[in-house]
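Okay, so chain A shows up in both of these, paired with chain B first and chain C after.
Up next, the complex of A and B:
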């Protein structure tokens, strides 16, 4: 499966330009992490990819075919978990998945439903009405419906929101296993999720792509720009972007990113989070 | 398609609202039958098409509300949030809208049948009268155009703004308060009580003046046209069902 996003722009009717001339190639198998601050355009990009919105300029090709013409073929191979979604509260988990399986035209829905219920650890809740589920359980139903029928292209927008740490790790591993033979696009604010499973990262800021590459490449780009120091007075923080402040018995230890580290800052190995924050802070400074 | 239809019917018909509405409908129906219909309208028998038509007209505001309430299952903000998931499925949007429309219409028809069944039981118990065939025409001309119009107009209004569906529920009450020309007498029920008196005979046969028939046909056609407009609005050319909602 291959998607080519060619010079895509999206301006909403209220005049807000969410994406500006975006270009990107996505090829399976891959697990791509989509990063960016709130309002960067991540969700808009995902809505464009599932044909919920039409770009105001540019083209999206699905295996070489324009998306407008290949919408149905795309949807037949798509599993989508949006950031904000509703469920039919009056149906049980199994009934809702059966409904979605019918919409997706699955030939053997029972086996597929059993498999996804097991994958998201909802066996105990399979026969209870959705209205009785907690937020995390509802999120798992959302993930289950996206996985129904083993679609070759999966889009997850903030999939681990509302899940506890143990569940988050479970789903991180599930996404990683799923991406072995498929194309998975994962949008999240949790850098840790991206670092541990994604083989590619795309950073969007102000509707434009600021970085594409591997997590290692992003980390390498921040080498020499990350350091730590003991906080003595507030003037020390000028020109630095503080990423962490830890209160210790010896004082406050700060971690910071900057274009040029001052002499009192001791350089450290960057993490993916440092690298991401360095990239975004550099963009903001420009 | 069949499975989606069954699930949609289940969603619409197996809930507290439907059961509550059915109970209210039956209680109000019993009140109308025992207080009004039993006396007959316009000097006709209680089981005449005129009296039965009057009974259905009195039930119409509740049936109208029921029909529109079914549509709120598809137009509410919660339903729009669910549509983001269903819209990403490959089922053709027009088919999906059609199935949901059919489910809502089924709900409306079931409520209507409930009213008619109650009247049938009433006629049987009170008068040992079972010639229900003569009541089909007044039932059809009173209910069908109104329910199809409620479906079409309600669907369209609900897609524009969900709260408009609730405002639209008040229409029959407004019409009942208005003095309409005889041609539109079926819209507020005045036809069944006023027209037999103009025929100059006691217990006249049921006849529909051309103007009344034309008004009902107009209502039915308007309902069908509105449904078509609503389908087109829901499915823009080459587009998906929620595209406009998401844009908004």
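Up next, the complex of A and C:
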């Protein structure tokens, strides 16, 4: 599966420009982490990719076909978990998945439903009404419906919200396994999730792509720009962005990113989060 | 195809909602409203009261309930944000169509459930005149088809506005229109069909056809509107017009919407049931057409072939005229506006003719030019679906294998401007009917079977003398009763046999005719040796001509025959209704003034009492009549609102009306008979009163005001109003 986003812009009727001339190629197999601050344009991009919106300019090609013409084919091969979704509360988990399987036109829905219920650890809740489920369990139903039918293209928007740490690890691994032969787009604020499983990262800011590459490339771009210092040593330096403050017995230890690290800052190995924050802070400074 | 795969799941999902079951349960129960609260069918036939009213009320309530359910269900997907998931998999248009189909199926299931629940209840309430066909058609057309209309209207409102609150307001306003300003517009009242009566004893296909036409017209209209709203379902983050522009790219979609709307518009404009007669009933321009100069009527014959399955009539009519004018003449005929005329020939040659667009009193004007020959035989063919004039009282032109009534120009074109010849308007009518039907000319004429046809029909012939004429035919039983010095041919519907037998109808007819003829005189329209008493399909009243009188079936229902105000039992109520031939039809009474006790009922109840006294003795009559009147009148004078009418006016209008009606009934059915009884004592006893009533019955009528008034009665008794005070 291949998607080519060519010079896509999206301006809402209220005049807000969410995406500006965005270009991106996505090709399976791959697990792509989509990062960006709130309002950067991530959700708009995902809505464009599921044909919930049409771009005001530019083209999206699905396996070489314009999305407008290939919409039905795309939807037939898509699994989508939006950030803010609802379920039919009166149905049981199995009935809801059966409903979604029918929507997707699955030929052998029972086996597919069994498989996804097992994948999201909801066997014991399979026959209970959805209205009795907790927030985390509802989220797992959402993931299950996206996985139904083994779609070759999956989009997850904040999939691990509401899940406990153990479940998050489980799903992180699930996404990683899933992406071995498919195209998975994962939008999240939890950098740790991205760092551990994504083979590619896309950073969007102000409706434009600021970075595409591997996590290692993003981390490497921040080398020499991350450091730690004691708060008491701090002078009013321009361009220093503190990313973490930790109270210790010797005082407050700060972690920061900057184009030029001041002398009192001791350089450190950057993490993916440092690199991402460095990228965003640099964009903000420009 | 995806819609079909999704449909069972959507239906199952819908049926798992508690709200759906609540709506279904309320709809199943809603016909009870027609028994206690909402009674649009005003006739007192059993089917009107216990079938039409519950079905119409159930349809109106069910349509509103299902409309609200549709809005709730459509809004729920959006409100709960499930639509984000579903729209990512299939087009929102697909889910909208699937949801509509699921809602419609739930409505069909509910209608079926309602019929199952109400079948035994209706059969029990209606009694011996209950039939499965009437029940099925009433619940299907009066109730069942209302539900999809409610769903389509509500769903369209939601799909246009995408707001539940606004949709509910629009939908309720649309329902309110039907229940108020459109309630008398038979094609517009989509929720509550204009049905004033269903017949117990004869068929109701005309009414059902009319309702079906209205329902299908609206079904096409609302399906069209729904399809337009379907095209406006929001997609791709666009607004109503952007989504519409996207949706219409598949050209078949707007084409379907336009086709449905066009079908509806055509059905509305081309309805075959009601004519376009001038609503101003004071205009009688057809009667002002001058007679054709030098033309006289010699004879007329017609062969009429009703199609009892289709409800249509085909006929051939032939007229013999003498034209002494030496010129061509224009002959005017009244024809039923539903008929088309063809093959008009004078002496074997085609002659020009026109049919007017203008219509009056259920007739259009057919004008034919006859040649300047002295002997002219004019022949023509006519066919069509006979139309009626009164949209709120449909059913009069019922035409089926159980019943038909062809009046004047519906029977054959009626000559309007030709002077009668020496023999008047001699007419021979032949009509071919199913074997189960008897032809009954509404006159002194007798119809006879002239041929038994190979297709199982029989051809009847009768002769008459009029330019028009009325023919009844149906599955009748005829009882020959010798009474009052003549033969009474008492015709009643076969379905009514059990009720008539229980009420002792034959004995009642004999008793009434003997008694009334002896005491008051012969009926003015029963001057020959034979009088036909014909029970008609419910018509809103009876009427009479020489040799025949019509009894409205509504007066002989099991419920009416059990009315204790009219008699001590079914047989006595039967007597009461037959006495109306003398007091009510033989002598007419002006429209009832609800504040006055004077009406046809006073003399009728009094005469019934006298007949019962003669039949069962004084004690029985006193106990079941006089004592009952006295008790009711005593209670009446003690009634709070009679003593303080000013408080009655303060009550809500509905309660005021109910109490006023109840008090008016006491005045007419109890107070006035008691006053007449008092008058009887004051004038010197029964014999004297009989003489007074005899004289009043046979008085010379003022053609300008032929009604019998209270003052005339008082004058005849030489009494004043005060003399008859009971207080």
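Everything below uses one rule, namely that the second predicted complex is superposed on the first by the 280 of 286 C-alpha atoms of A that agree within 3 Å, B and C clash if a C-alpha of one lies under 4 Å from a C-alpha of the other, contacts with A are read in each partner's own complex, and residues count from 1 in each chain.
Following the convention adopted for this analysis, a contact is a pair of C-beta atoms (placed from the backbone, for glycine too) under 8 Å apart; a residue touches a chain by one contact, two chains touch by 3 or more.
Please read these numbers as outputs of a predicted model, since none were measured by experiment.
Q: Taking chain A as the common reference, can chain B and chain C both be placed on it without clashing, or not? Answer clash or fit.
A: Because the two structures are overlaid on the shared chain, the partners are seen to clash.
Q: Kindly classify A:50 by the partners it touches after superposition: chain B alone (first), chain C alone (second), both, or neither?
A: In the superposition, A:50 contacts both chain B and chain C.
Q: Which partner chains sit in contact with A:114 here, chain B, chain C, both or neither? Use first/second/both/neither.
A: neither
Q: Scan A:99 for contacts with chain B and chain C and give back first, second, both or neither.
A: Both chain B and chain C are touched by A:99.
Q: Between chain B and chain C, whom does A:170 touch in the aligned arrangement: first, second, both, or neither?
A: After superposing on A, A:170 lies clear of both chain B and chain C.
Q: Once chain A of both complexes is superposed, is A:20 in touch with chain B (first), chain C (second), both, or neither?
A: neither
Q: After superposing the two complexes, find the one stretch in chain C that runs into chain B, choosing from 57-65, 381-389 or 435-443.
A: That would be 57-65, the only stretch with clashing C-alpha atoms.
Q: Find the residues of chain A that appear in the contact set with chain B and again in the contact set with chain C.
A: 12-13, 47, 50-54, 75, 78, 80, 82, 84-91, 95, 98-100, 102-105, 142, 145
Q: What residues of chain A sit close enough to touch chain B in their complex?
A: Result: residues 12-13, 47, 50-54, 68, 71-73, 75-76, 78, 80, 82, 84-91, 95, 98-100, 102-105, 142, 145 of chain A touch chain B.
Q: In their shared complex, at which residues does chain B touch chain A?
A: These residues of chain B touch chain A: 3-4, 7, 10-11, 14-15, 78-92, 96, 238-240, 242-243, 246-247.
Q: Within their complex, state which residues of chain A touch chain C.
A: Result: residues 12-13, 47, 50-54, 75, 78, 80, 82, 84-91, 95, 98-100, 102-105, 142, 145 of chain A touch chain C.
Q: What residues on chain C touch chain A, complex-wise?
A: The contact residues of chain C facing chain A are 2, 5-6, 9-10, 12-13, 16-18, 79-82, 84-90, 95, 236-239.
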